[in-house]
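Below is one structure; the comments refer to it alone.
Per-chain residue numbering starts at 1, and chain names A, B and C are given in the order in which the chains are listed.
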Amino acid sequence: MIKFSGIEIKFGDFVAISSLDLEVHQGEFFTFLGPSGCGKTTTLRSLVGFIKPTKGKIEVNGQDITDQPIEKRGIGMVFQSYALFPTMTVEENIVFGLKEHKWPQDKISQRLKEVAAMVNLTDAQLKKNVSELSGGQQQRVAIARALALNPKIIVLDEPLSNLDAKLRKSLRTELKKIQSISGTTMIYVTHDQEEALTLSDRIAVFNNGCVEQVGTPREIYYHPNTEFVANFIGDTNKITEEILDRIEGAGKPLDRDKNIYVRVESVKTEASLEMQKECYRIEAVYDSEEFDGITIRRTYKVGETDIKSVTTNRDAKLTRGDKAVLYIHPDDFMEFARG
Amino acid sequence: MMEKNYRLRHLLMTAAASVIIFGGIFVFLIYPNLTLLKITLFSKGSFDFQPVRQILGSDRVIKCLINSFTLAICLTITVNILGIFEILVLDYYEVKGSKWLNIAYHSPLICNGMVLVMAYNFLFGGQGFVTANLMKALPNINPLWFRGFGAVLLEMTLAGTSNHIMFVRDALRSIDYQTIEAAQNMGVKSRRILTKVVLPTLRPSIFAASILTFIVGVSAFATPQVLGGENFETINPLIHSFSNTLTTRNYAAILAIFLGTVTVVVLSISNYIEKRGNYRSVSKSKTPLKKQPIQSKGVRVIVTAAAYMVALMQTIPLLFIFIFSFMPVKDLYEGNIDVRNMSLKNYISVFTSTTGVRPVFTSIVYSALAAVVVVSIMLFLARIITKKQTKVTMCLELFLQIPWFLPATLIALGLIMSFSKPTVFTMGKTLTGTVVLMLLGYIIIRTPYTLRMIKSAYASIDGALEEAARNLGASTMKTYFKVLLPVLMPTIFSVFLLNFIGLLAEYNVSVFLFHPMYQPLGVVLNAATRADTSPDTQMLSFVYSVLIMIVSTMTIVFVNRGKKR
Amino acid sequence: MKKWRVTATVLAAVMALSGCGGQAEETKAPETAAAGGTAESAGTEALSDTPTGKKIVVVTNNASNGRDVWLKENAEKAGFNIEVVDLGGGDATARVISEVNNPTTNVIWGPSEDQFSSMVAVGALAEFTPDWADDVSGLSAVNGYSWPYEIQPKILVANPDVYTAETAPKNYSDLWEKEEFHGKYAVPTSFDGNTNRAIIGGILAQYLDENGELGVSDEGWSAISAYFEYGYKTPKGEDDFGNMASGKVPITFTFASGLKNKSETFGIEPLVIYTEAGEPTNTNQVAVVNNKDAELVEESKRFVNWLGSAEVIGVYAQTNGNMLANKSASEYMVPMIRDIQNNYKPQDVDWTYVNSMMDEWVAKIQLEIY
């Protein structure tokens, strides 16, 4: 549905995006994930029309929109800062686009009701000035405003980054619900991997103006194509020289010429005897723990190197300096050639 | 096909619009000034270096220049201190009676310029009322105690807080209260919150106000003339006096260019500093500012006392202008207020003169028109300048700032000379001697200030607003008028107000450009204070000032109402 | 709705301004027809005596103290329709010169002969000899355009309680040469007024030297330096005449026609000092501004004929204390002024030369001396 081909974007001499190719399918919840400054927002803005690519082509449903004026593209956008018009009421904000597109009055009121219901805004709230709303409410208005025109595509630029954790989670669920009801194709920009993993149908991981990997959350999590993706998604331990020196394995020794990582949840503190045979084992010393309710994340020391393990077992009472054995299954190692 | 059409249409429209607009701006706002500079500096066909040598060799000029820049620097500091104190008292701290203080702190907007300075002098000068009474108590006091640098600085500081009251105050009011709460929550002491949280947030507007204050200081005219005395002369009266005689106009132009260059350098340096420390508000849901109680009782008493002290100092001279307007001239010069001698004689003189109160209406119409037009043009130009930063727009901006330094007399002469013959741009009409010329002059002299204020207003708008509107299908034009303009409205009102008030009693440009049938206030007011008029005519200037104060007050009330909507 | 109302108001205001501006010019059409033969007689010597009542703009520095009302009322009685514009001599001159292509003013009354000669130089004035020209002959060089109506000596005055004719200075040079007068006399503080310039010219003219800087000998430059150094620079907000009256700075100077009003205001009869070298004197003049509209010029000439006539200018001088140029009106002058006219001696100076140098002298004084 949306196709970026050979996109290059330059700001002066600075290359923000170099030869980007990407395809987003109809009805997908697609996420651009990456650290700040990686080019994800730039790519998004080129789709909406705020930035013109120096090279390449953007197509929507086969139509080239690279040079089309912003207002003709019909792509809804939710801004990081919400960009609500401060001089207008909530209602006026939401119907702004409808009026611009010369919708008849009765249709406008009907659509207003629909989207207000979709984002849970009350009639009283609609009459308020936007500055009188809380952050979460303002976000709902911003989403409603983008939804109102019923665009085929909505792009969201870090829309939840200004909200507190709890609100973020509940709005996230609502957003997903709205997307599935409306059937809109959504492109979501975030640097928060948890958000990306929970919401997305597919994710594109951006780094330094390039796409490192495109895939479903599972693909990206379990089969990172690059070292960057492995590191950026999930919590990983790097297997250092020090660990390699002390690791004892059932199978062949690990390849010292590669960079090796293991996810924290794959570092086990206990294993069945059968498992023990298959696994590599490391002797370590317990250091500290972080408890977050569901899981416990423990840090162990192997020489000077930290190695972390996440478990749901909260029975073990360890004191600092206790000796422990850690088990890692050979399939859980992620190896990347050194570049 | 479609895309090409868009591009072509856009290109054509842009080209046509820029030719008309830039042509018009150049011809009406810039060309007259350049003509005048050319004529004065190259009067003999080539540049005459003799005046430059003479100027650089003059101890008086050098001393005046040093004084002007010293004054500008000190004034920037003192006006900021007083202005920030005032807005904090009005909106940040709980101070009893802030309603009254609010009215009092608006007084620099109501009355300014020569008449206010004269009022200071008739109060604190050698024969002033306050001095006379002081001398009764302390016979050893120097009657000229209120003279020199300190007096000039004090008067200009008290009269110089308009921009703080109009613009910095708006910025303070729009601070997100949550940031203050956050700091309180972190256990930061209230004084530290002020210096580490509140004031840094106000930085951009304080900066803009500082630049304007600096320019006011550099070009100080009336105050140093009256209160400076022999030991504190500044450069602008000298420039003004040179610009009034034909053969010395090149001296005026050279001094003006020199003053302008030095100021531009100072401003560029400060612009650079401003850009480095730029910040942008990140807060999305702003909580309105709540007033802070002053915890320590001692401090509270001191702050309240100081607040009222300042209020009195700013309003008392105005009150006296009102009183003076009923007095005979002899009492005024003798420092003697006697109710028995007061009468409506001065008022009757004004009302029965052949011009009567017509000048009041003339000035209101001209000032309002010019204020509206200049704000409209600058809304447009500042938009282009902030959107497209090219060499052309930078030059444009620089040229538009010429009137900040060029003496008003020279601006007026430039206009007269440029439009004394029919031109294509004026549709074959001669503008010299018509009612249009003074309007043009008014627009030109308010251009730099308006440009500066509107430019910073644009800079403070979240760019995403515009993008959001475009994204929702609004064209560039609609985006501008429906979204951006409403956001700018409070600033537009404020700039309009200051332009209007600033033009009400304008003299230097008016005296050359007014149409004889429509004499503006500035001209009749100055006619009253001319050296060759009799002393009692001078009293009429107080009457005119009272009229100006009434008009200004009404306008402030009107504009503030508009702002709230 | 509101927006439209604002726009409408603004538009109306523009139209009011421009509309009225145009009217002044347009009204001429019907009157030309009515006046008939008058238009043809333009340029010839024969001038009909009856005013047409066409509106003329009179620019003058003689408008304060209700003089504008006096002028307007009496002119109306005589059949003229005038608008009085109060402008200082310098401003009036600058305006006439700068508007030479499209004048807005018709009669200019009050600037000095020097100022008028610069107006003549750019061709801004209409050639004209008023009916009363013979009565003012011999007072200034005849240029055929502007004519004197008032003699304006600049006189030194002193507080009579402080000085007597014997103890007062005998000459300007006494002021700086004799220590007893140091700090006791007011000096000019601005350099664009006629009076101030005449005082400076009067001093420097005594030291003319072809080989000196700007035509003045070194001695002259040190004299003027000393004059300013030992004088009192009256700050704005103080009145030099008031200071003289109170005894604070007991010697000052004034233009003759200011004497009556100033003395009345401060309640003093000052000691008039007649210096040995004579008083710097010029005349104030009146002229008609050239205009494409011949009728306007004619009406203006009629007005000047009326204004300068003995009966009109005489009554004017009676109230305001002017020293008149018109010899047949001398009986109207107030005693104090008539007294001065009989006793003073105009300083013998080539004012044309002095005035031609004045701008440069003033620049030098401003930059190096003051």
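Methods note: a residue touches a chain if its C-beta (ideal position, glycine included) is under 8 Å from a C-beta of that chain, and two chains touch if they have at least 3 such contacts.
Note that this is a predicted model, so its numbers are computed, not measured.
Q: Measuring between Cα centroids, what's the chain most distant from chain B?
A: Comparing chain centres, A lies farthest from chain B.
Q: Which chain lies at the heart of the structure, taking centres as C-alpha averages?
A: B
Q: Where the CA atoms of chain A average out and where those of chain B average out, how many Å apart are those spots?
A: Centre-to-centre distance between chain A and chain B: 52 Å.
Q: Can you compute the centre-to-centre distance for chain A and chain C, using the mean CA position of each chain? Integer Å is fine.
A: Computed value for the inter-centroid distance: 85 Å.
Q: Roughly how far is chain B from chain C, centre to centre by C-alpha average, rounded to an integer in Å?
A: Centres of chain B and chain C (C-alpha means) sit 34 Å apart.
Q: If we count contacts the way the header does, which residues on chain B are in touch with chain C in the complex?
A: Of all residues in chain B, those touching chain C are 54-55, 57-61, 117-118, 121-122, 125-127, 147, 225-226, 229-230, 238, 241-242, 244-248, 251, 329-330, 333-334, 349, 352-355, 365-366, 368-369, 372, 413, 416-417, 420-421, 430, 432-436, 439, 511-512, 515-519, 523-524, 527-528, 530-537.
Q: What does chain C use to touch chain B in their complex?
A: Touch list, chain C to chain B: 10, 13-14, 16-18, 20-21, 24, 57, 59, 61, 63-66, 68-69, 71-72, 83-91, 94-95, 98-105, 118, 190-196, 233, 235-239, 241-242, 246, 255, 258, 261-262, 265-267, 359-360, 362-364, 366-368, 370.
Q: Contact residues on chain A for chain B in the complex?
A: Touch list, chain A to chain B: 48-50, 64, 67-71, 74-77, 79-88, 96-97, 100-101, 131, 133-135, 138, 145, 149, 162.
Q: Give every residue of chain B touching chain A within the complex, in rising order.
A: On the chain B side, the touching residues are 2-3, 6-7, 282, 284-286, 462, 464-465, 467-475, 478, 482-483, 486-487, 489.
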